[in-house]
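Chain lettering (A, B, C and D) follows the sequence in which the chains are written, and residue indices restart at 1 in each chain.
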Amino acid sequence: MADAAHSKRTLHRLALHRRDSIGAAYHVLTFHAEQPLAVEAGQFAMVRGAAWGDAPLLPRPMSLLTGGHRPSILIKVVGEGTRRMAHASGGEPFDLLAPLGIPWSACPTDRTPLLVAGGVGVAPLVFLARKLGERKALSIYGGRTADDLPMHEELAALGELRVATEDGSRGTRGRVTVALEVALDELARAATPPKVYCCGPDRMMAAVAALCATRGVDCEVSLETPMACGYGVCLGCPVKKSAGGYLYACTEGPCIAAERIDWQATR
Amino acid sequence: MNTASPAPSRAPIAREAVDLTVPIGGVTLKNPILTASGTFGYGLEYDDFYDVAELGGICSKGLSLEPRHGNAPERIAETAAGMLNAIGLANVGVEAFCKDKLPTLRKRGVAVVANVFATTVADFERLTRRLDGEEGITAIELNVSCPNVDKGGMEFGCDPAAAARVTEACRAATRLPLWVKMSPEAGEPKKVGLACQEAGADALTAINTIRGLSIDVHTWKPRLANATGGLSGPALKPIAIRLVWELSRAVTIPIIGIGGIARTEDAIEFMLAGASAVQVGTANFADPMAAKKVLEGLRDYCAARGLAARELIGKLDYVKR
Amino acid sequence: MNTASPAPSRAPIAREAVDLTVPIGGVTLKNPILTASGTFGYGLEYDDFYDVAELGGICSKGLSLEPRHGNAPERIAETAAGMLNAIGLANVGVEAFCKDKLPTLRKRGVAVVANVFATTVADFERLTRRLDGEEGITAIELNVSCPNVDKGGMEFGCDPAAAARVTEACRAATRLPLWVKMSPEAGEPKKVGLACQEAGADALTAINTIRGLSIDVHTWKPRLANATGGLSGPALKPIAIRLVWELSRAVTIPIIGIGGIARTEDAIEFMLAGASAVQVGTANFADPMAAKKVLEGLRDYCAARGLAARELIGKLDYVKR
Amino acid sequence: MADAAHSKRTLHRLALHRRDSIGAAYHVLTFHAEQPLAVEAGQFAMVRGAAWGDAPLLPRPMSLLTGGHRPSILIKVVGEGTRRMAHASGGEPFDLLAPLGIPWSACPTDRTPLLVAGGVGVAPLVFLARKLGERKALSIYGGRTADDLPMHEELAALGELRVATEDGSRGTRGRVTVALEVALDELARAATPPKVYCCGPDRMMAAVAALCATRGVDCEVSLETPMACGYGVCLGCPVKKSAGGYLYACTEGPCIAAERIDWQATR
């Protein structure tokens, strides 16, 4: 899939086609693109309302849920930028700088794709599950409560879904790592060993990365750090490398082998 | 109560006929729109967007003698109409710049301003000497005003004597034009500017960021790992324009204006205040085409009024009452 | 990558049970939320909105010995997340204040901070002496940092020795608490603060506005008649918080924070940085209830965490790495 | 009418009920108020979008066109604030600080009200014409072109309307002062001498004030200056008095006897 990473990055002025709320905190924003947007699963866009004026100043990095004529993003309201997105109405113009970053690497045919999502981190994984199509991914999806599982229906429709919530309000009670251990145990006996794709809160990704490392399982994560530019010029998005020094999440990520990251440093 | 008369203008001219060239201390830039150090990478990240050679020039990320990793994350935080950054001058180092970046930039044909940073006068001089031999450098910009490093940053830029020492040492090390980047935190910016002029600076760049602090009220921690960071963006613009105005009336060398420029009107404000050229910084983040758009808008503005770009410089219409 | 732990807190308490009092150099304010000089009139314009006695205090418009007409229009211009003002210290004069305003304020029972301005040390002293005799004044705030007057404004506030002279003279003229208002344009703000402390100041107020310039690109004229004006509002906030942090670690007297406070979170940021109290300024314009809303939000914040307001002061969780 | 000036000033959070465009540059914004807004003709509101965030920072002074359950304003797009208002959609929340300022003084029964409006300055005069009701005001309305006469139909419906445009595209060609001279000549012979109410660009108000002064005709204007607070605390809205010194447009105006102003100083 990585070939499409060479698609020309462009600032697209797109009108909001529709906004669908999922509970109070989550929204899917779907845009209208005359020219189809060539994006790969795992890539992101820098998104900003064209009428925002001087504040909020910076665009917000958002994983793409779809590309094509109807590019879309899933947002969770956490601050001013996402609050504005959550109030946008149809027709409102947005600027999307896309496609950005390194997509998920392809899953070799001799591997079983295993998707591990946390909360809003589900977005790039839904895209991936759609791409996997016939291969029917096994997904593990965790959240604090049942309300923190936007798009769990989509994931379920695309393969097998196992849910874990911290309060037990849906699926098994506890963290995704518990469900992941079970899945890894099962797959240990399978012909095709798993390859894990993971996106969620840092603490979750660190735990998943650690578990996969112990089990000798390939693990790729999608990094989330604050970003100013999204295309490699501000140096605002460093992530500590296991080899020392920093890599930049916007150009060397967001999708990256978990082993390259120094998870101790992600506080 | 504002029915003020419009500014001087002549009959409109064709866009292509507009003279955008501006003289900056010995060199003539093809137009007054540059990009600011640290906000434009090494100028090689824009191939998808536009030909950077259309610009008046680009300023490299701040270069040091040795490569630098930079500060721990978080390095950036947004504030009202601005942002704080504490990148910590992460850069590839001057050698890698000359070896890996400059040859490509030379091919592009863009005017390159090498922004340099050091913690001692001797290292500033070494950097300058190292770059002096390189082809394809239009000017060296001395960053004596970086707020995000422990040593050697703003100290030089806040003290007229120290700023002069750096300038003098670098002056002896190169015949390339020397631009000195001013700190807005200097108590007496005019004195710093004058001292640099006397020490041989060809131009002053104004301004670098002002230190700010932003705190997460949930965790009680600073939002940046370095605690403070430099404030940039539109929030800063009126302060930057005021400093350009003050400096331009104190010194005779040209001023290059920076601070919150996102639109053509912003660039014009700086030029009217006394800037001979400007640099677009933070605005590149939201829109990689920002500098080019500012440039095209300037061409329109001048065409509509039949003006050459340099006719805007210092034309603020103000008489103290 | 931010999974930082939340700040200290205890079991929630009732809103009414929250201790909001803060000690400021000899006096105890009922809460840390005041309003800033020049943004709240004489405190008598709020009868339609709320009882100003609910606040920790109010600062009067800057008072001079004689009434002042102020600058010609335009006096204000909006900038990105901020505004420039060059009011020129228009005020009714200290006599009219004592005669016409103070008696009503006394009846209201609000803590009044008299903000004063003069162009000479002797006049600062005279003003202080004049106010010293008046009942119902909680403190005198010395504005040695006004950027909008030709003489005597920022000069005092940018120079440690001059700031100390003003403070010393006023110290001799009153037993009322003296607050000195810091200029963000001082090259060495910590030295100014220390000098004021040694000269007898009871608290420092930080910050006043920073001078900015905004130009109309259609007329080529400044948007203010005075050309430059002081920048206030959210744009300034990170700079102000940084200065409060620096000052609070340099001096032992309390700091009162100002600059862009519009929401409770802003006030908390200042307090964590080291402010013992804060003043709400420009935010009063968009919402006359702003200060009261900040206060009520602070009560909620403290109640939810079981904290007294003064437990926030200087609690920024930061260790230099 | 001035008695209602004592209505309590309050910050009202009102939802936009509807926005009606008049040509490209003018819009009427009508709000929904549960509690009726008690305002008098000539009073104004400080208006700000509740979701504007940190920029634009200040509210914008706008003459009220109506009060009651459907307070409304007429805006002309000149900058960022009015641009946002011109893009607002139904339901969008706005903060209106109102009622503010001194309203038009009552027109004594032995006087003929004569309304002189320029461009968007028509708003407080339409309100006044409505209040005058049966007395059927004579209005003179000027603009640069026919496009700069929003609400001319309303004025026409409320009394007699004479129009003047600088380019002659509607009504007589030239400035309003020409039409005003004619009207004053006519009324000079009438039983009830005129009282002029004027709102428009400074230069127009200065000319109208000068003409009325020469003719010994009472003239009241509505001042427009930049304002930060609108209620007397920032001292940002000074207008030079003929008697020397400054008055403040927000509390001593906006409606005020023309003779109190030093028109030379309004550049």
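Simple rule for what comes next: a residue touches a chain if its C-beta (ideal position, glycine included) is under 8 Å from a C-beta of that chain, and two chains touch if they have at least 3 such contacts.
Since this is a predicted model, take the numbers as computed values, not measurements.
Set against the C-alpha centre of chain C, every other chain centre is closer than that of A. If you average the CA atoms of chain B and of chain D, the two centres end up 45 Å from each other. With centres defined as mean CA coordinates, chain B is found 36 Å away from chain A. For this pair, chain A with chain D, the centres built from the Cα atoms lie 54 Å apart. Chain D has residues 54-56, 225-226, 239 in contact with two or more other chains.
Residue positions 1-2, 4, 72-74, 80-82, 233-235 of chain C each touch two or more of the other chains. Chain contacts in this assembly form a complete graph, since each chain touches every other chain. Of all residues in chain C, those touching chain A in their complex are 1-4, 80-81.
For chain A in complex with chain D, the residues that touch the partner chain are 51, 53-56, 80, 84, 87, 89.
Per the touch definition, chain B reaches chain C in the complex via residues 1-2, 4-8, 72-74, 79-82, 84, 158, 185-188, 210-222, 225, 227-228, 231, 233-239, 241-242, 245, 260, 265, 268-269, 272-273, 301, 315-318, 320-321. Contacts from chain C toward chain D in the complex involve residues 38-41, 45, 48-49, 61, 69-70, 72-78, 80-83, 85, 87, 90, 233-235, 262, 282, 284-289.
Against chain C, in their complex, chain A makes its touches with residues 54-55, 201-203, 223-225, 239, 266-267.
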